[in-house]
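Order of writing sets the chain letters: A, B, C and D. Residues in each chain are counted from 1.
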Amino acid sequence: MRACVRGRTRNRFILEPQRIVEAAPAGDWVQRYTKVRTNSLALVEGLSDADATAQSMDDASPAKWHLAHTTWFFEEFVVAPRMGESERYHSSFSFLFNSYYNSVGDRHARPSRGLLTRPSLDEVKAYRAHVDANMAKILSTGDAALRPLLDLGLAHEEQHQELLLTDILHLFAQNPLRPEFRPPEPIAVGNATESPVVWHEYEGGKVSIGASGEGFIFDCEGPRHDALLLPYSLAGRAVTNREWLEFMREGGYSDPLLWLSDGFATVIAEGWQAPLYWTERDGYWFAMTLRGERVVDLDAPVTHVSHYEADAFARWAGARLPTEIELESAVAGLPIEGNFAASGAFAPRLQTGELSGAPSGLYGDVWEWTSSPYVAYPRYAPAGGAIGEYNGKFMSGQMVLRGGSCATANGHMRATYRNFFHPDKRWQFSGLRLARDL
Amino acid sequence: MRACVRGRTRNRFILEPQRIVEAAPAGDWVQRYTKVRTNSLALVEGLSDADATAQSMDDASPAKWHLAHTTWFFEEFVVAPRMGESERYHSSFSFLFNSYYNSVGDRHARPSRGLLTRPSLDEVKAYRAHVDANMAKILSTGDAALRPLLDLGLAHEEQHQELLLTDILHLFAQNPLRPEFRPPEPIAVGNATESPVVWHEYEGGKVSIGASGEGFIFDCEGPRHDALLLPYSLAGRAVTNREWLEFMREGGYSDPLLWLSDGFATVIAEGWQAPLYWTERDGYWFAMTLRGERVVDLDAPVTHVSHYEADAFARWAGARLPTEIELESAVAGLPIEGNFAASGAFAPRLQTGELSGAPSGLYGDVWEWTSSPYVAYPRYAPAGGAIGEYNGKFMSGQMVLRGGSCATANGHMRATYRNFFHPDKRWQFSGLRLARDL
Amino acid sequence: MRACVRGRTRNRFILEPQRIVEAAPAGDWVQRYTKVRTNSLALVEGLSDADATAQSMDDASPAKWHLAHTTWFFEEFVVAPRMGESERYHSSFSFLFNSYYNSVGDRHARPSRGLLTRPSLDEVKAYRAHVDANMAKILSTGDAALRPLLDLGLAHEEQHQELLLTDILHLFAQNPLRPEFRPPEPIAVGNATESPVVWHEYEGGKVSIGASGEGFIFDCEGPRHDALLLPYSLAGRAVTNREWLEFMREGGYSDPLLWLSDGFATVIAEGWQAPLYWTERDGYWFAMTLRGERVVDLDAPVTHVSHYEADAFARWAGARLPTEIELESAVAGLPIEGNFAASGAFAPRLQTGELSGAPSGLYGDVWEWTSSPYVAYPRYAPAGGAIGEYNGKFMSGQMVLRGGSCATANGHMRATYRNFFHPDKRWQFSGLRLARDL
Amino acid sequence: MRACVRGRTRNRFILEPQRIVEAAPAGDWVQRYTKVRTNSLALVEGLSDADATAQSMDDASPAKWHLAHTTWFFEEFVVAPRMGESERYHSSFSFLFNSYYNSVGDRHARPSRGLLTRPSLDEVKAYRAHVDANMAKILSTGDAALRPLLDLGLAHEEQHQELLLTDILHLFAQNPLRPEFRPPEPIAVGNATESPVVWHEYEGGKVSIGASGEGFIFDCEGPRHDALLLPYSLAGRAVTNREWLEFMREGGYSDPLLWLSDGFATVIAEGWQAPLYWTERDGYWFAMTLRGERVVDLDAPVTHVSHYEADAFARWAGARLPTEIELESAVAGLPIEGNFAASGAFAPRLQTGELSGAPSGLYGDVWEWTSSPYVAYPRYAPAGGAIGEYNGKFMSGQMVLRGGSCATANGHMRATYRNFFHPDKRWQFSGLRLARDL
């Protein structure tokens, strides 16, 4: 089974049931389902009904909507087909919480999600409990045919967990009271001087890229295929806030020669002068975070920058963004460890740059923008069926990001994972790592 | 003391302290203050934190914001000046809940009010209690100088009570679940046939118009002055939904010859086919109301129509809209009775048309659009001072409505009262009454 | 016969044939027709085909379009009905050059008029000659029934002569080469110091306003009716550029307290800092005029200001704008003399302020903004018929201007003449005169 | 010397002077220069001053502007540096006719080009003559250092020749009179039944792609590098109008499952139902062409479709768009022959599909959309210098087209040539050819 995720309008999947070869013990499935579902609820602890209802921009969705939509997924594709329509919790919820599956029916206008003050957060939780109870019954059958939908539904929910975090941050950043999603934690004392960049060299040549099809993947991660790489080097760590400030001080945001044409037009139109959420006060730069507003941590990776900004920074630095093939090739075989959501930091952390071994931060902290447009791999073929109706439809005008972030669910990441957003988007935990030709 | 009300951005006032001539017993003041303030809280009973937070369009404000802004008024103009800045409940609330008083400082962007999930509704109630306690202390002094601000603050709050109702209706109308602000009540059985329109004739001549200055008024209601009227007649009741349906059936919304040029452009741009909140299903017209969605009551006055629509209807009917002078002249001396908010109906009701005596419904039910642009009366002069900084600034591009509505606080209305909105606005309880030349 | 003119989309009329009482000698008619038609052609002397084709904004029309549309009027309403459809010059011209008469058929989209590079200016002239020849034949019959259409068509053409001038100025003002419509002429040496304002006092009382119906008028000028005026005074001359500069220097454009709410929003949105066409260079203010760019003439009336600006200036000056009734009352009985288009100046000129007698400049130089919204006079009733289909439809959201300008055809003006534009428009020769209460 | 071409804002180049190795005989240079320059003038024969001035959309430029801008290029980069600033024809022309070279100075706002009624077409021709005379003097020196600028300037001018044609077509298509750029020619009698598609198979494997650097290229065509291809097949001819009509009849424009997400959003927003310039009348489809409006030629390649439409068609047809590498690999070694501008057809022509040999129409007729985003080849490095200031800045959000069109100058095309436009653009002669995996 494969599926592929997110875009301007979120989350589309495709099932390839023939990929499913083995059933797991039913008990494991219930446990795994419960864990992911519980994680979602844990995220909204401390959020009020109002917090969970508001929508701060068209790209974002209310927390309540994330909770309900991921539940609707299981109701629509698992519970209703197996237990009957009468088991639906509410006749209108399919209309309200469908995201974009045309074949499943009409749906509520995306930009109006924030006006759905009803159902309340409590009722959405009741909806979740209702569907979870039915899912427990179904999963306990251990039917192997359930596996693709379970894998997909849970991967889907994990993606929405990340979006829930980035959307709440965006909402709270609009509030002059600067609400804290989680209590502040002490900022690690960084080294006073800039951590030097160590460059890691790669030979290139013919490399194999993409997922081979073992285990769950989203379909855009395959097919696995060969590609050619010229020798290149990667920075040992992501670009830091300290470096970004130097870019700003040297007029990075005002020199059109550094920018893609569409990028500089966006700088002018949006008045960009710094990463999203940054504010200057009394000579200091502050950033709004999930732990409230705080002084920018100079040695942490820069985040909330667009592809346009990342590309301009790289040009200013005399380097370039890596391709997604270069990053995937570099990360192949490394353990999938890093600062993911389970760390509880909810912010990127200081990186070392690794004098020996692999570069640091290839996983977690910030999604790293690449220079690769999000397009199909050779022989990529969307599958049919209801869930997969829109597969591939976002392969236009978006750029690939790699590696996951501090808001990504642990266990969600893979070496072949392709995230993608339009080049002007900044509200994800997106940063960059420099690359060079050798 | 005078003040003047509402526009696209809401509510501005002007004080003329010299008008205040007498003090009332302090106890009466506390009682009056408490009554109005309590009425506001009664309106939000049954609203959730989320209901009270959402903002469904730029013209509307969240219920929570209405509660806080009216409280801020007393804090800013009465409590802080008399008890000191330290008595302010929260240092940021002036920024958040100031509406448009530039001289008082910066303020939160109006279209982003719906993103203020904090403070919560409960905290806003606590804010109200804090200010009310201080106000009780201040009012108990019986200081005559308090009178203008008390009158003004309470009139201000009553205006926001009406807006709170129309804004909640607009919000709930966006929700496919069609929430009910108040439980449905049985619809009165109307007469099966159309209630005939009785025409009441007026001689005109030289008439005195505007407020003479006794008692509280908004400043735009004066100065009192003479005006000339030619003989005219007024319909004995407002235009009904039954009549509006006939206008629709005869193609009223598609014949440009019936419309003002700007009006028809709006019809096309907005796709208007019926009053706001009307939906056709299975051959029946339904309207969203504060008591949920229900079949359109054919014999009730039409409401939620714009000035453009009212003007086109009058042309179609071979009549015209009355001027505000004609309406004020007709209403002079009549008791101020009608279907106001205290009736609890929260919807316009069947009218009789009054075969003898005065026309029915001149007060209450629906605001009646006039053909009069909202401009200054002769010798109108805005006063100075902080509260009055913007007096008169809305006298451009708006049309006068008269008589109050089913959402207007009882006791708030006057014969000289001038309400005003841009001619394309429909979310108030706005209808019309026909007039003719004699 | 009456007709009424102009708005955002231009020029609508209404015929009342019963008003026509006498025929004139046919020869006079031909002569009068020829004179007005020739004047139109004289205006485009020196314009290239391209000059006559371009459209610099939606509010403006190409010179070629003005020439063709005014011709179409005679073809549509006189020639075709009397000589048959076969006499039409070109089958598509009715579609191309109809302005907004829905009953006459579809029409070319207004904002695309500048894309009609064909027909050429020469072909439009041939079109004019063709229609003129037919008109000469028809007018030579001396048929009294022709009179209303002749009067209306020529008044219509005179209005377009003024628009042609203001539209060409707007076009040339967009060109960095600053083309001259007419060669520059020496600027009169003004008095070095400010010409003092003399105030002329008026008693007011009951006055008769509007046209009595003798001679040609546009229908909005009547019916004649009584109105009440309180005592007032008018400035002896229009506001000058010198005074406007003082307003600018004292921060007039940045103080919201001086402005109507919609006005200040426009100032911000449009970045207004000075009248339209003004540019500051090396410490001097220059204005683009029909004679090229030249230093602002300090003692000439300010022009190309909107109603919003005029209103703010008056407030800043401690005065107010006059009502249209005050101006009409003041001008009644005065000779209709002033700086109109035939002077060839094509710019407002120095005024004296008239120590004795009437104020200067009440006619010509600049249209004077009033505080009066453009609404119907009492008992105003639009007539029926094709030409009058849209009568009155522009009576919403616009403000009355009085007196004519340096671009108005001589003979076109009347004491009762009501011009009107939306309050944000600036490309007409619009200025102001101050008024005060007594 | 290399240079790179066109985007939303047009035409940027980069010089690499070190590439220039040999001088040509001066006489040949003058002849070549004269030929290209003369071709430009030949294109505007029959255009009026107004035709050459109007700008029908932001993406397009006036014909006059194309003539002047290409001339400014030689004045700015050749004449002025060699003969001095005093040789400039007019001091303002650099401001008016610079396209986007920031380092060269400010420039006139692109969307306002259509308002430049002055200078006239005749004066622009005089400007050309002035610069041409100076260029003749300079070129006659035979200085080898001139070669890169000559190559670049002429390639630049050829690109603008194509744009001039597509921009005039767009302008004339807005005119209800449907002007003909060139007189109509008889339409070839096509075969009554659909020409079958022959599929040509390619082995793929490792291929060399990009320009090796001999002869003039735009810099984005290199560096030459290896790439991997899986086996694929290409249709023997471009998709025809007959096939496109079938796509339309089968609901291609209304089925979201066929479209990229951004593509279908554009279909809805723009109301697309057919290729640009198509109109249905009385059951027939007509298309506006450079020879006026005519019945759609069923057997000619479809043109004026966007990338979105081409992609949807391919999906509907069970095929896909080729990559640019596949097309370049297939075309390598073929003679550069086809229906280019010199044919005088100014429209794509019937193709055969070639049962043997190479596919037909790989060059000329219509630009063929590929599935390749326009990005840098590996090791692509923009050069420095004034002309090259913006190199690569358009490598974002655009798609590659290959092969040239019926509006491309003969001699302009190369196997490695990369044209590019945003995926929603339709006013170029853009079509498609299907590809399949083997």
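The criterion applied here is as follows: a contact is a pair of C-beta atoms (placed from the backbone, for glycine too) under 8 Å apart; a residue touches a chain by one contact, two chains touch by 3 or more.
Model, not experiment: these values are computed from the prediction.
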item: Graph distance between chain A and chain C, where chains that touch are linked; value: 2
item: Identity of the chain that, by mean CA position, is farthest from chain C; value: A
item: Computed distance of Cα centres, chain B from chain A, in Å; value: 47
item: Chain A and chain D: spacing of chain centres that average the CA atoms, whole Å; value: 38
item: Residues within chain B bordering two or more other chains; value: none
item: Touch-based graph of the chains, sorted into line, ring, star, complete or other; value: ring
item: Pairs of chains in contact (touch as defined earlier), listed by label; value: A-B, A-D, B-C, C-D
item: Contact footprint of chain D on chain C as seen in their complex; value: 48-54, 56, 92, 95-96, 108, 112, 114-121, 171, 174-177, 179
item: In the complex, chain A residues that touch chain D; value: 7-9, 102, 206, 225-228, 230, 256-257, 259-263, 308, 311, 371-373, 375-376, 378-379, 389-390, 393-397, 423, 437
